[in-house]
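Think of it as A, B, C and D in the order they're written, each chain with its own count starting at 1.
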Amino acid sequence: MTLMYFAWLKQKIGMGEEELTPHDNVVTVADLIDWLCSRGDNFATAFEDRDVIRVAINQEFAELDDPIAGAAEIAFFPPVTGGQT
Amino acid sequence: MIRVQQEDFDVGAEIKALTKGNPSIGGVVSFIGLVRDIAGDRSIDTMTLEHYPGMTEKMLARIEEEAQERWNLDASLIIHRYGPLNPGDQIVLTITASAHRQDAFEANEFLMDWLKTKAPFWKREAGADGDNWVEAKDSDDVAAARWSP
Amino acid sequence: MIRVQQEDFDVGAEIKALTKGNPSIGGVVSFIGLVRDIAGDRSIDTMTLEHYPGMTEKMLARIEEEAQERWNLDASLIIHRYGPLNPGDQIVLTITASAHRQDAFEANEFLMDWLKTKAPFWKREAGADGDNWVEAKDSDDVAAARWSP
Amino acid sequence: MTLMYFAWLKQKIGMGEEELTPHDNVVTVADLIDWLCSRGDNFATAFEDRDVIRVAINQEFAELDDPIAGAAEIAFFPPVTGGQT
């Protein structure tokens, strides 16, 4: 699957996108974050405060306990800040 | 209609194109969001808008669809820019056209409120004291919540 | 600023002129009222707007002043046309600019609501079945009343 | 003083403006309307339904029982209908 990182998550992790096949025991979004954090300090730092992390599965907003089975694209990002200033 | 683009836009031309040939329209409301030179008490030199190509278009289309369902609109348009911008630059445009002004006003406020909490854009501001990512405002969640069923 | 004129107006140029050189503006709301080709179930060919020169300017200026007092506005504009108009023609333009969008939206709705009940304009519609003066709508009084203290 | 008539009042009366000096016993706007109506059928017809008549003294909205003393310009018209259609 394709993992995408936006805004300061992208900066902290050091990349915007990667192709990955998570372990079989990675079932939910929360599992995926745990697994990513085990891959390096950059991930651990980026995902430190999970309350401010938003996730989209196949470009639809999702929750931490949603399953990731069948996901082609999972994106992590901070709360959105578009519109006017 | 929705558009996500780096280029600037011309509100007059957009309104004209949107309302042309439809004399059942009685009121057109437009909102333009601009880059301010002040954020809180910090002076801003430039701003950069990052977004999530693909999901952005999907969310904007859905927000517009929702407005079309909730209000009697003859036409609507959302344009959101991305990339580097300067104070005074236009960021976002929403246009709503209806037979009656109340529909056009409410639908336009709705578009902006939902856009600010549901469209995947992130602002980064650069001032004399460095760069930072803009944090989401609670007041935007409150504004969006008033349209909940 | 207020203007009462027979000529058409260009919303894009008016917004640009109004916001130019003021980077503390974050949101600009504009409303354009258009002549519809239908009034109730009657088809309209032309419309003529009569007004009370002198009092019109006085009332529009007072309505704008009231909006400036009630909301934090960086700039505002009311343009109202008079004379003969056709379906699709622009009748009225209100622009409100503020640091925050809520002020701009509310002030703009206020301008239109007050204008419809306090500015001395009268519409006469001409269709295939003859001429008639447009009657005031109760819904406009209701809309204006929501801004009472 | 200058009297002004707008919209269908102007049509029914047959003119938009006239210079007049009302009798001394004309004190209020209502008195003025009574006096105007005595001047001809066109006025009587125009002012038939007083509930829909609006009045401005010196370009300020006024009421039927307001005094007209000192007025330079009094205008009569139907409820306003500006704005969008």
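As a working rule, a contact is a pair of C-beta atoms (placed from the backbone, for glycine too) under 8 Å apart; a residue touches a chain by one contact, two chains touch by 3 or more.
This structure is a prediction, so every number in the text was calculated from the model and none was measured.
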Remaining chains grouped by touching, subunit C not included: one piece
Joint neighbours of subunit C and subunit B, given as chain labels: A, D
Distance from subunit D to subunit A - Cα centre to Cα centre, in angstrom: 73
Approximate Å spacing (C-alpha centroids) for the pair subunit A, subunit C: 48
Between subunit B and subunit A, distance of the C-alpha-averaged centres to the nearest whole Å: 26
Residue numbers of subunit A (touch at least two other chains): 83-85
Residues of subunit C whose C-beta touches two or more other chains: 26-27, 31-36, 101, 112
Overall pattern in which the protein chains touch one another (line/ring/star/complete/other): other
Touching pairs among all chains present in the structure: A-B, A-C, B-C, B-D, C-D
Footprint of subunit D on subunit C - complex, ascending: 31-36, 39, 47, 49-52, 54-55, 58, 80, 91-92, 112, 115-124, 133-137, 140
Footprint of subunit C on subunit B - complex, ascending: 10-13, 15, 19, 23-38, 87-88, 99, 101-102, 104-105, 108-109, 112, 143
Subunit A to subunit B touching residues, read off their complex: 4, 6-8, 10, 56, 59, 61, 75, 77-85
Complex contact set, residues of subunit C against subunit A: 26-27, 101
Of subunit A, residues touching subunit C in the complex: 83-85
